[in-house]
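Heads up, the thing below is written out as structure tokens.
To keep things simple, chains are lettered A, B, C and D as they appear, and every chain counts its residues starting from 1.
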Amino acid sequence: MKKQFLSACLLAGFSFSACFAQKDPKLTEQWNPVPPVINPGSAQKAPSDAIVLFDGKNLSEWVSAKDGTSPAEWVVENGIFTVKPGSGDIKTKQVFEDFQLHIEWRTPAKIEGEGQGRGNSGVFLMEQYELQVLDSYGNTTYSNGQAGSIYKQSMPMVNASKGPGEWQTYDIIFTAPRFLDNGMLKSPARITVLHNGVLIQNNTTIAGATEFIGIATYKKHGPMGFKLQDHGNPVSFRNIWVRKL
Amino acid sequence: MKKQFLSACLLAGFSFSACFAQKDPKLTEQWNPVPPVINPGSAQKAPSDAIVLFDGKNLSEWVSAKDGTSPAEWVVENGIFTVKPGSGDIKTKQVFEDFQLHIEWRTPAKIEGEGQGRGNSGVFLMEQYELQVLDSYGNTTYSNGQAGSIYKQSMPMVNASKGPGEWQTYDIIFTAPRFLDNGMLKSPARITVLHNGVLIQNNTTIAGATEFIGIATYKKHGPMGFKLQDHGNPVSFRNIWVRKL
Amino acid sequence: MKKQFLSACLLAGFSFSACFAQKDPKLTEQWNPVPPVINPGSAQKAPSDAIVLFDGKNLSEWVSAKDGTSPAEWVVENGIFTVKPGSGDIKTKQVFEDFQLHIEWRTPAKIEGEGQGRGNSGVFLMEQYELQVLDSYGNTTYSNGQAGSIYKQSMPMVNASKGPGEWQTYDIIFTAPRFLDNGMLKSPARITVLHNGVLIQNNTTIAGATEFIGIATYKKHGPMGFKLQDHGNPVSFRNIWVRKL
Amino acid sequence: MKKQFLSACLLAGFSFSACFAQKDPKLTEQWNPVPPVINPGSAQKAPSDAIVLFDGKNLSEWVSAKDGTSPAEWVVENGIFTVKPGSGDIKTKQVFEDFQLHIEWRTPAKIEGEGQGRGNSGVFLMEQYELQVLDSYGNTTYSNGQAGSIYKQSMPMVNASKGPGEWQTYDIIFTAPRFLDNGMLKSPARITVLHNGVLIQNNTTIAGATEFIGIATYKKHGPMGFKLQDHGNPVSFRNIWVRKL
């Protein structure tokens, strides 16, 4: 409080207590807890409190999704890794609940196929809620199946795709679903996604586990990993990190 | 549907209709509307559907917040602009409701002052809800007053600050408050913030207009602009764009 | 502030200003706006700020949903009204956006039919989002089709049904979906429902307009009325009121 | 699917597969899990899955809030219980996290005092988030301190108070706050309140533990009980039950 304010206040006819008390800004300061200090990293480097799921060298954080134990067979080369068509999906060894996830992906520079057959892969959050990966640059398909859609559920707000062969980013904020002991859904999963920096999913409610056929429904589960889809196209990935929330 | 599936289904004893009908994935495709196609831009370039609030050349999108009409006096130089201490806050000519906002800022390389006196400015969303700008790198102050806080309300989840003299980013998703005709609050403002790419506010509810002294409360208003604060420190800004949601 | 506190504070070594200023409770009082005063009514009587959609006498607030103009043909008797099978759905003349809705319904005392064929009707919010009405007392059907479900979308958390011939209540809090100018969904509809006083839908996200076949999707629309379904069963209704939010 | 539909579809020129597959409503039925069956009770009787916190006979579910162990001294008489001024607050033995709570209260028929001094008590959710109880019938006080307010935080949307000496109800849906291991807030508490059946808090975010002086802040905690406030006025309570969510 500045002295001149107090004087003015008193001269204005207010009581000393009113003038004094109502001018202390300290009342609305909160000193505890203190937010943990982290290094935010950069476009190329994960934040210091993140778990790095791919460091450019190997797939030691991943296994085959077929059995959950055998090694991930996808191809690591030049600091990136690429779907090995026919080898099947891969998933992380570690499991997560609520999180912020950063992942970069690239569809083939040479266009092959069309619609869902062109540069198709997917990021399965908790191994079952698919954020679609697709070459959606000038590629017609159903809206809730293009890149950035919650597959077969929610279309992205805009199509912010880059072209074939270009690296693209997903920055994801995910809240896991919660369940009652009896298996009933307590609260659904929610997701916010920035695609190449552009908001495409704004706290979207997820209707259930992704289904290719039929409607999505929930089935009780706990923390789970991330799964990347082998859809037969050589889609590449790099710079993957996750921060538990 | 693949033929082999139909055969297998029939062999498994299901009726033709069951096998057929339950296997058509088209039922869950949604073709309309089609998300608008945009160019996402890059770290240096705004998305094609964004309104650029500073292009590196001039402050033609801004005015003095004192009267809302006279020119913004802050200093434009080398593609950035900097607070001119004592000239007062500036605000945008255009107004907004729900939006995604990208803004980059830099506190002085030479540390002067401490606590709230060091590299202080602020981004006032709708001219009244302050997302704090401060040099919070190794700088002790109250938690709900450090960089990334909703000032005097909600502290950031982590302190993801870069050092003095370094450019930092805020990526903001903002939902405006709504009011009833009688002035009562209908739904509060909500905000999600990535600071240097790290989630620090996760769909946080804003309690009301920022107050230095006393509690925050809401007062009915419509769409409004952004205000940047002159707190007496030469904080710089660049690459500001907003997408209406 | 009590005097003894001030004394103690001073004796503890704090400054007069600190002791004084930090103890004024007035700082967190908010006197404006003043919530409108209403009469809450009772179990039998609508709140004073509600729009009464059925007062026990006639269907003057309703029309046939076939053409939106011809009179609602359902049967009014003894202060209630009942579906006239084959006459078609009816809907309100007035339209609404966000609201609190109270409605009472009763399925026939004599059980006829089973599953979806037993005491079936529905409350279509905004004429398209169906909150299912069904005699679900000891009646097996799919979970997302029983009483209290958002039909074909979200099952109720519990089955709080009363028996055939008993009056039941729905207390509904509804937030309408919002759309962008280009037809894209901005935010989905949300619903909370108390069935006979028991919470069965807790801020549930609605996936889109109810579909008997296929998935629910959204199509841009503004404020709309309520529609009650003629599903061929003589379900009765009474005491319907709505408060705009 | 009805046969006539199939015929019509085929005649319209669609393929057999299209006509057939797109018309199976079973695809959107969800049969599992099955919502638990409960008896919803009545205005006088708790739902069958509720925990009854007062059955009209004794305060065996309550203890003094002073020490958390000694008996609650408030006065039980004629199926209700009443604050014993000076005896202090009471709280439940059991603890809760997310819940639906029903509680009935009555301020003295004879008006004594004014403003905050008239029929004042409070329901402290998780022993710290106060839903105000006050005789707000024709009684002027600050808006965020009247009946139905989240005390010193959020005013009710309307004043739905009944008069002195009349029984009033609160139906509350409460989501507990969640915290990170390091003490930081993960998600705030949220509350919906019907006062005498009228919506007065609509999924309101709670800013922190109620404070008489200064701003509300959060401090990490787990499940906790309900506390009822002895504010010196003989406010009465009855028919209290809670359902865990």
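General observations
Simple rule for what comes next: a residue touches a chain if its C-beta (ideal position, glycine included) is under 8 Å from a C-beta of that chain, and two chains touch if they have at least 3 such contacts.
Values in this document were obtained by computation on a predicted structure and should not be read as measured data.
Listed here as common contacts of subunit B and subunit D: A, C. When the C-beta contacts at A-B and at A-D are tallied, the pair with the greater total is A-B. Its interface matching that of B-C in over half of the contact pairs by residue number, A-D stands out among B-D, A-C or A-D. For this pair, subunit A with subunit D, the centres built from the Cα atoms lie 34 Å apart. Between subunit A and subunit B the centroid-to-centroid distance comes to 18 Å (mean Cα coordinates, whole Å). Residue positions 22-24, 27-28, 30, 33, 35-36, 152, 155, 157, 180, 184, 202, 213-215, 245 of subunit A each touch two or more of the other chains.
By the touch criterion given at the top, residues 17, 20-24, 26-27, 152-153, 155, 157, 180, 184, 187-188, 202, 205, 207, 215 of subunit D touch subunit B in their complex. Contact residues of subunit C toward subunit B in the complex are 27-28, 30, 33, 35-36, 98, 180, 182-184, 186, 213-215, 217, 245. Across the interface of their complex, subunit B is touched by residues 22-25, 27-38, 40-41, 43, 47, 49, 100, 102, 142-146, 152, 155-162, 171, 173, 192, 194-200, 202-203, 211-215, 243, 245 of subunit A.
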